[in-house]
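The two complexes that follow have subunit A in common; it is paired with subunit B in the first and with subunit C in the second.
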Partner chain A sequence: MIENDHKSQGAAFGMRGIVKRVLPHIILCAFSLMILMPLLWILRVSFTDRLTAYKIPPEIGTVGLMNYVEIFQRYPFASWFLNSLIVALGATAIALPLATALAYAFARFNTGGTFLRLGVLASQMLPPIILVLPLFGMFLMAGLMHSRTGLVIAHLTISLPFLSWMLVSFFEGDVARLEEAARVDGATRWQAFRHIAVPVAAPGILAAGLLGFILSWNEFLFALVLSGPSSQTLPVGLAALETHAGVEIAPLAAATVVSLVPVFALLPFLRKHLIKGLSLGALK
Partner chain B sequence: MFGWLISSPSLGLLFLVILFPVFWALFTSVHDYTLIAPNFDTFNGLDNYMKAAGDPEFRHTLRLTAFFVAAVVILEFALGFLIALMLHTVERFKSVYYAILLCPLLMNPVIVGLIWRMFLHPSLGIVNYLLSLVGIEPVNWLGSTKVALWTLVMVDIWHQVSFMIVLLLAGLSALPREPYEAARVDGASIFRSFWHITLPLMWPVIAVTLLIRLIFAVKTYDLIYIMTRGGPGVATDLVSYFIYRTAFVSLNIGEASAMSAILLAVILGLTAWLHRYMRSLT
Partner chain C sequence: MASISLSNIHKLYPNGYAAVRDVSLDIRDGEFMILLGPSGCGKSTTLRMIAGLETISAGDLHIGGARVNDVDPADRDVAIVFQNYALYPHMTVADNLSFGLRLRNVERRIIEGRVATIAGMLGIGDLLARKPAQLSGGQRQRVALGRALVREPKAFLLDEPLSNLDAKLRASMRTELIKLHRTLGTTIVHVTHDQVEAMTMGERICIMKDGVIVQVGAPMEVYRNPVNTFVAGFLASPPMNLLHGMLDSDRISIGDVVLPLPQSLRRAFASHAGRKVIVGLRPEDFHLKADAAPVAAPIEVVSVTTEVLGPEVILVGTLKNSSAELHIRCPRDFRSEPGAMTVFNYDLSQLQLFDIETTTALMRPVKI
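On to the complex of A and B.
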């Protein structure tokens, strides 16, 4: 009897051990499928012809690149893509050096104290709808409506606070001691910043720049309200694509895939700094 | 001195592109500024604020936003914490799972909205087809007033739950090992050590993660614009979209600015709260 009890207990323990080891994988696999399936489905639809794309239940029709050709021929997809690229690059190129300087001042001199830091954090948290109304009024007066310049300015309201806030932590820590050593050797404050702090923080600054680029690339509301036919960015164009001719599933899937390419291409370079970026510098 | 010197260009620009527009909005909010008469000729004091506060639609929109934000934050946290804990226990395939969950994270909300609109189409969508295979009646995901908001919540979970997982997992990996070993020696169960060790130690990370997600959820606009335009009726009319409609459909920028100012106060309060937690973390 006693032996039997032990045995059944042992079996139960073994069972529990297996459950403990396998259960996480079951949950994680189910979750991964939930994330992955929609993306794979879009990829599939993007290679089917437009009639097959509507077929329920799904069928395998002709497979080819026709949708990818079509979005460039029938829609101004190239122009949307280019506008997105120009605006995102422009906003990031302006914001990155300025934000680097501000972040350095925060980290090294605590310029402006808590009040200013809180101001920068709050600017980053500002819902775009709050800014888009005054920008609309201001751009009307200044003649900046529908221009790419206007969009770059609007996107600065996102990238400048984000980058300034995120870069602070890259200047904290050991860099300060290196700079002090250089200062003892007669370097000016500017030289210490330019030739020591910035090169040491360069990989972080670059990753932050890529994240800033993606923020701008994904931005929708400013572009929707402030852009015109010739300055439309990708998200605005895609949103319009959907309403022009009902639900054009196949070309839309192809356009979706193409506009995801830059983001997925940049992801591996960001991974190391992603957590810092997402948590606004609170976690590493 | 040097600090002010090198920060002055960015501070100047921040002043120009953020502070000045915010003051412009506050200035507009006390004037009768419409897109039909876009000028500051008529000062009307707090009229816009009174109108907004008395508008049942605006109050509906605030309640709806609060509900949406609460649903999204709570559900994403629950699912996100579960997945983060699972990822924390496994070793094999961990990097594969992690790479997969990163995919939606930096995706454009417009694209997320568009692809889910396709999937959820009542007759042409794949979701209803899959449900019909297991004998479930087709659901009118975006066209029914009862379902639409929950549909948006689900799509938002698909898009944003990875944010929770990534941050919570980072928090879990940084926890010290000693308390767990001590608990094991004392024979504490997994659930007890989760309740008495993991939760208290994780609290600052959890608070920061929840607050950031909460503030970003308040801003939700793109998903609404793409998937429902606030409809059917006003069933998904979240605050950002309602302000947009007031400004660019009703053309009443003055009143929309007053609503923005109210939203601004809420966001500033939440940000100050977040800042306190962030400082306790570092």
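On to the complex of A and C.
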């Protein structure tokens, strides 16, 4: 043991030690670049004009905010943004309480048994395109086509199963013991749920809400098929930029950057609460 | 305050496991009752059925005279302290303590008063603003106890509340719980698998095994007259030595060792003469002095090892020409080399015999 320690200590100063310490960083940097490059590229393009956008090696031409101005003036970017916001907020606001209740029922009462649990999961595994056509038919009949309400409902088919599946684990384990203590303390089932289970699972519920929002914000297929001119969301709008007259690469980059803002704004919260939520089991 | 009565209670878990079978137990109003038994014998299950956290598969449960089988746990007005305390992690100590009272819409002023009283009583007054994560194990244990006390329930159900504490803290909490019971006089059902807790704390002990009650009685009664070898081998540490022997009309032979039966026991055991039996010899009934007991028989013990505990020495030894080990409680200055032989005087009046097949006690020679 002691000998080994000496060896590794000696190695830390030798050639092998340096390689050992540097190599992981090189690999990690390479991976980070792979992920970051497209984002950085988009950021650069969003501030340049159409002509310099494609230049390789990259060239800094006229730098300015013209693309950002353009997307608001020549395209209904504000409307896309607003639609996305309304749909994503709406779908999350409806999905979150329902998913919480569903997850609680799964965790506490094993409602529907394994069959229902797997059923909910299975609906997540279907390619979304399978759901789009029946939804299209039903929305036509119900007069929900091209409406934001319709889109909210469509997004629920994604977020409800996903969020409830994710939340089940937050209601299992220690929380059940705490609820038992509360029940003996005089709480009704509802009070135990409301005052113990929900606050204790709050980090998880919050994380689920944030994920649900992002899911809906980025959703493309349902929005493409089911939305109309006045209810188009960002992903659909961005796609339209690509197909107009060639690819409007510079405004597209600007639009992409703006549409990423809310997601990036949410990420720190998501990270914090997800980690807090997942380590909840460690609490005694 | 209330009595708790279990009549023919069964618990069948959904997976078909019968955790508790035909348990009948009357716990008097204000009694300190101990549920004692090895791990998995159904102690927690029984306690959880009393609290209403498990459904009762069959039988009747009465609290304070009223049948409560189908009463919601919230309405049973009992308090439970769990082994892992189950404090609400998102609430301060004060909120943990007052949760039950707030649910009952008790007036703010009264709540604050009671929380302060209980916190003072348990010495957790300085911790009221903290969250459970910021407490030590002993402090959490006190908060859990306080949460039960503050509501002034009809009965306290304690599920191994001391088992997570270190030995010293456990000993002092043991004393405190006894004092608490004396002041409050509330019914307590205390689950434990620690026989010291059982002997020292309870007014009565209920010993369970494999989901059934084996014996119920006052600590000394259970200690003196164990109904079978399980109880004899479970109580006290070291427990009673159980050796195979042969019963004749006037003596018992354990291998080469022959113990003469005193006159009083001869008559009692007469009907079993000529049968193989299990002989129960308590470690504390062996004496070095010849005159320590009025009716004694010499027993030669070959030393295997000695455990020097400080206040006393436990001799682990074997009988002559036998491999069966036995433990003997000796005075603190006793020493013996391995292989050395010591002659002890065994107090024959304490002799216990058990049926070799059923393991039940042949008779109970001593009444207290």
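The rule is short, and it goes like this: the second predicted complex is superposed on the first by the 252 of 284 C-alpha atoms of A that agree within 3 Å, B and C clash if a C-alpha of one lies under 4 Å from a C-alpha of the other, contacts with A are read in each partner's own complex, and residues count from 1 in each chain.
Here is the rule we go by: a residue touches a chain if its C-beta (ideal position, glycine included) is under 8 Å from a C-beta of that chain, and two chains touch if they have at least 3 such contacts.
In this text the structure is predicted, and so the values were computed from the model without any measurement.
Using the contact criterion defined above for the overlaid structures, shared-chain residue A:Val184 touches subunit C, although it does not reach subunit B. In the superposed model, A:Val200 lies in contact with subunit C only, and not with subunit B.
Looking at the shared chain after the overlay, A:Val87 reaches neither subunit B nor subunit C. When the two complexes are overlaid on their common chain A, residue A:Leu133 makes contact with subunit B while staying clear of subunit C.
Of the two partner chains placed by superposition, A:Ala254 touches none, neither subunit B nor subunit C.
Set side by side, subunit B and subunit C differ in how many residues of subunit A they touch, and the one touching more is B. Residues 283-284 of subunit A lie at the contact with subunit B in one complex and at the contact with subunit C in the other.
Contacts from subunit C toward subunit A in the complex involve residues 51-53, 72-74, 76-80, 82, 84-90, 99-100, 103-104, 133, 147, 151. Of all the residues in subunit B, the ones that touch subunit A in their complex are 2-4, 6-7, 9-11, 13-14, 17-18, 20-22, 24-25, 28, 33, 38, 82-83, 86-87, 89-90, 92-93, 96-97, 100-111, 114-119, 121, 123-126, 129, 158, 162-163, 166-167, 170-171, 174, 205, 208-209, 212, 215, 218-219, 221-222, 225-226, 240, 243-244, 247-248, 253, 256-257, 260, 263-264, 267-268, 270-272, 274-275, 277-278, 281-282. Considering their complex, residues 24-25, 27-28, 31-32, 34-36, 38-39, 41-42, 45, 54, 56-58, 98-99, 101-102, 104-106, 108-112, 116-123, 125-138, 140, 153-154, 156-157, 160-161, 164, 189-190, 193, 214, 217-218, 220-221, 224-225, 234-235, 238-239, 242, 247, 249, 252-253, 256, 259-260, 263-264, 267, 271, 274-275, 278-284 of subunit A touch subunit B. The residues of subunit A lying in touch with subunit C in their complex are 177-178, 180-188, 191, 195-196, 199-200, 202, 283-284.
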